[in-house]
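Each of the next two complexes has chain A plus one more chain, namely chain B in the first and chain C in the second.
Take a look at the complex of A and B:
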């Protein structure tokens, strides 16, 4: 039949995209490490695959995470993704119902109303035709919302949205055309052959009363086929690659594969899974300092297009605030660090001067205390910890009292893994030589690296907020509640970085009146002082800090508590509110009379303790 | 007779009050403290020639006593409002004054060294500021409280709270370099056995006899100057301090144990200065110091006609510069009033 040549744009597009995906995904999977490959082999026939299918259904089709962010935005994504999925499935059922065969070529299902001009005679055929109309209506409502979103993204809970590239524009335009054209084509066919259902049939008849439909039937099906074909052809150069790749990502993630220190197949899969929805833009605090081109979505785009500059790569606080918001669940921080490792030249970091002497500590030593470099810049935390150890009668070894190497984490954050490794080895040797079984750390930056990158089985690493809570539970710390309204600021590396949200709060609850704020825990602000950003200017840091401080001040607290020396130092500079580490607050409770500064004196007078 | 209200009874306020009284005007000097003299009351000896601060203060006091002008002590200005070429000044005590011209000589504040927590001020016993040391340098005062019984080694840190982006002050406080040299010499005289080190970024010996004093400090008093900022200080069991710095001339990190650490704190605009300035619509700089109309010819003029500026409310200034600036303010006020 001459007129069926319109199937070719669609068929060629489908063949192209299928083979393209098969090739590229195979390349990515073959470049996975041996361990990751064996993870796939060992997990593929287990529950993990079922879980992955469930996740694909919930996230790739229903878009549950986007729903949580904003219902309109969620509905828009769901109607397009889930609707299209249903259209394909029901279309194939329709074809199967008619031809009674599974081996019908895809185009017969896709262009079913054209190939089966007779109106559905069976009941099942009528039901299917009606379902197709319902699904199409559902998708068209989503397309309408998508048009509207381009005009007004605020309605969808998004303050900012990403800019499009040529490939994206082609894919987006064809995507927007696919469904209206399908509707048009179906209606036109219905107008001629009377094979439509409740929506396409009346529309077809209206069209028929306006123009002779015979001559435009083939062209509209051509247009529909072309829009599909074009979409498939543009897919590899557009952000819509995320649609197929995200499915692969979900499976691999369920098999336990994570981003590694080196760029590999899995990190490519993550990069291609980014839909550039731009939800991460809203949570990024860099925008508070008017820095608008270094956010995760842009960095991933530049990685994909191989035009990432160091200026953008390193201008990020690695606070991880964008991560919980990512609807695809990408490991945004790790991806950036991986890229930093790639872009950094290794310094000549021999660290030859680091010599491991004998670690002579008494065998009764309960705890190794590592303050960290940042804590050495906030000596009142050290002073408080020393006093707490004394009061709780803890035998401890102050590992970095005099000289110690850095924990290695700041180097890692800027991609210097080789150098960091040397420091880690040095510290590890000393820690192991001490024989103590617990390492207490005052700095969340150190805490994270000790926890994740030091292989020291049998030694428990605790941040001092966890440790102090434990001491308190063992009744080794005096408890003394002060009537002070305090906000707890979650440090990035302790909260989002290490998942410690509750211990500091439980501890503070015993000493002060804790008030909760809107942006806390997972969505807590970064103080702006992060060591991970080596491009930002001091005034920009201050803007980020001030914005966070403004929110805190709106709750009229009397003190800001934190559990990180860097956060403390950063906020203390803004000079609006007394800022203290958890350890200092415990110290204050122990030493009612020894007060640190006049602001506290006011509070102490107020709270009528001591003085 | 024209009435001039001077806000701030430090040396700038005192000097311009005397000069304006001499020019035949009626002057009211407002001071928030219980006595005149401002920060000069806190200093013992002045650079570069170790003149006792007492001497300068007494001379200024005598000068004020000899002249007839009103002094309002323990009085703070609440608002300054312009009304038909007159200024209405209201104090927190509810007093209302009307003036033909206003001189702002509200001075400066010292940088709060606790803001550089890494140096341990108010955390460690043996860390003091240059202002604390000044009190200890008075004849007969006991140094051992701050420095221990026999301090062997003393370190000075320059630029604490000045030229420091992290503490938010980009400007140079101008007087701390020479203060450090002066105080190091004084300490050496008191404790000849002690070694004294000064950690600096640059030494800005801008004034008359400053450079000579710096030279003398090295040659005669054996004070050692190390170019490099301190990164941190830690207290040891015996209350001595372990300081970490980098000698940027030899390019080496260094550690040193000292018995006393002196922080040369810089000058900052008064906390309320900027807000007060905004209230009576005179302009101020990012640093909080008041803006003068230009640097050369109108350094006593504020952006509001009839409000004049004198002394260190405009920028960090030494005692002698402040006195000169206050005198020139008086001259400008006088010739402006004559033109009215």
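Take a look at the complex of A and C:
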């Protein structure tokens, strides 16, 4: 078989990247837990693999999620990924068709126009040659868009892009060169051997009329091969590792593997799957406070480069706004929490004092009410809940009326899972001793941890928005629609954190006129008060809050409703717009025709109820 | 030794030649807002941990400035990090970060000494 020396940069690069990927992916897979490994074994020959193949096609090749974000951005990614994939596949078919064999070495297919210096004689050959030109044109349009995106990323719906490092620049430059060089090399060969199609043939003729092509044929093929080889060699140190690793991620995710509470093979796979596209930068509210280096994309980069500092790791609200936007579907919050666990695992507290029995003994009850630490700073919510329980005639035990341990969620948010476990055990013992069937919680932070981390079978955990809706459905609450234009602010831990978007809205619909805003539900703003961030300064929190408030004010609401004491407390300091918890709104409806004490009167007037 | 019911009063003098200010300077460097503490006591008044056990953030501040690392180590364990203190603080001090920094720094200097 005829060979030529220019194939070597490509071949060496391909061998290097293939062996590198085999080794590193095997290391990651072997470091998975035993349960995860058995998940793979049991799922590999099931429908899950087919679903994974489908997802790889839709996401890795067609980039459906990026299309949803912006069509131009989606087209650019699709033309490069899907186009390159087609170029490889059709190139191989062309080679198999010509040599009438499937055992054609890769370089013969990749450099086909060089090795076959004659125009296609068969019809199938002609069709394949024309397809190759169409595909190349398709990719080149994407490359042109990629050049243009560097100049003007706004056209692609992106306000900000990530900063690149040396490895990324090498890989990016070689990627940008691959396809123009391929086009040049094909055209030059077509100019000499007349083996091109509708694109390469006329371009080859033009080149031939300008310069003698014989002398530059080998150099342009050399350049093409070198750009491919360089791209493969730079892949492990660049963000383009996401191309092969994302495929592995999609398969493992379909097999039911998720990020655990410790750093392992799967969290490494997630980190390497980040394409550093920077779509998460646009949704991050930290930029409203001019904090620009702690976003998920940078944290994942630092994890990969092993130079993550606490200052960056803990400077995040864990609001989760970036997560629905991630085109790779990475578990960004969980990855950060895993790192936080690792960073703080050596100093978890043991809370020995909880064993001293200073807390009250649990009475027997059906319903427990747990207000939460934050709710104790907004006494009007507690007052409203007490009144609602009275009106609905519910017998309940107010568990944290005084002297109760924290739920443990604030500790978990900063990675102190060991310490949180002690609080959980303590509270769990008290809850179980009461024999309750229902736990009503006023704080979404507590709600999330009670729901997910307390093993209480037989006890239903409800946020008070769900509970109030239930009471209303049972006609145990007076309904009294007030002529107020209200925006509902989704708390992060309740909305994105626990998926409760509709219950508070259904409830509010009965009491006020709810208006919808652009950034709500999944893309709702964080109030800026999140306990997950221990590094942010108060003035930075205020900047984040004010920016969110500005958007709400543009709809000219008469009241801001929320379902979280921390959100309420944060927004209440912002300006004169009244901010109320949904429990307070129900309380107002109950008391509409009742005479109140002066303090309550003031509270109502501030809320523009006008009694 | 036989217990006669007498106690020896603990030495409370702070010898500034022996003063170990590394912890203090670390915490104040990383969280400068702690310098602005008024010792108003709002944090202690609202503290969830203080409901259950004697725990006082002002006392933490004092121990930190006195270099009483040993007392600080057991005292700092009591915080449940619920964040109420941060919301009531008139100076907007990031108290939770102070707690985490003290925990981390104590561990850091302990491992250096060993």
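Going forward, the second predicted complex is superposed on the first by the 575 of 611 C-alpha atoms of A that agree within 3 Å, B and C clash if a C-alpha of one lies under 4 Å from a C-alpha of the other, contacts with A are read in each partner's own complex, and residues count from 1 in each chain.
Quick note on the criterion: contacts are C-beta pairs under 8 Å (C-beta built on N, C-alpha and C of every residue); 3 or more make two chains touch, one makes a residue touch a chain.
Being a predicted model, the structure only gives us computed values, none of them experimental.
Participant: Overlaying on chain A: chain B and chain C, fit or clash?
Facilitator: Superposition result for chain B and chain C: clash.
Participant: On the A-aligned overlay, A:123 touches which partner chain: chain B = first, chain C = second, or both, or neither?
Facilitator: neither
Participant: Using the touch definition from the top, say if A:416 reaches chain B (first), chain C (second), both or neither.
Facilitator: second
Participant: Does the superposition put A:531 against chain B (first), chain C (second), both, or neither?
Facilitator: A:531 sits against chain C, while chain B stays out of touch.
Participant: Given the superposition on chain A, which partner contacts more residues in chain A: chain B or chain C?
Facilitator: C
Participant: Kindly classify A:349 by the partners it touches after superposition: chain B alone (first), chain C alone (second), both, or neither?
Facilitator: second
Participant: Looking at A:457 after the superposition, I want to know if it touches chain B, chain C, both of them or none. Which is it: first, second, both, neither?
Facilitator: Neither chain B nor chain C is touched by A:457.
Participant: Looking at the overlay, does A:209 come into contact with chain B only (first), chain C only (second), both, or neither?
Facilitator: neither
Participant: Which partner chains sit in contact with A:404 here, chain B, chain C, both or neither? Use first/second/both/neither.
Facilitator: It touches chain C, and chain B stays clear.
Participant: Should A:572 be classified as contacting the first partner (chain B), the second (chain C), both, or neither?
Facilitator: So A:572 only meets chain B here.
Participant: After superposing on chain A, which of these stretches of chain B ends up overlapping chain C: 80-88, 188-196 or 224-232?
Facilitator: The segment of chain B occupying space taken by chain C is 224-232.
Participant: Output the chain A positions appearing in both contact lists, the one against chain B and the one against chain C.
Facilitator: 376-377, 402-403, 538, 569
Participant: Where on chain A does chain B make contact in their complex?
Facilitator: Its residues touching chain B are 376-380, 382-383, 401-403, 538, 542, 569, 572-573, 575, 596-597.
Participant: Okay, in this complex, where on chain C does chain A touch?
Facilitator: My answer: residues 30, 33, 46, 48, 51-53, 77-84, 87-88, 92, 94, 96-97, 100, 103-104, 106-107.
Participant: Enumerate the contact residues on chain B facing chain A in the complex.
Facilitator: 114-115, 117-118, 120, 122-124, 165-168, 231-235, 242, 255
Participant: Once bound in the complex, which stretches of chain A touch chain C?
Facilitator: Residues 310-311, 314, 344, 346-347, 349-351, 353-354, 356, 358-359, 373-374, 376-377, 402-406, 410-411, 414, 416, 419, 423, 529, 531, 534-539, 566, 569 of chain A touch chain C in their complex.
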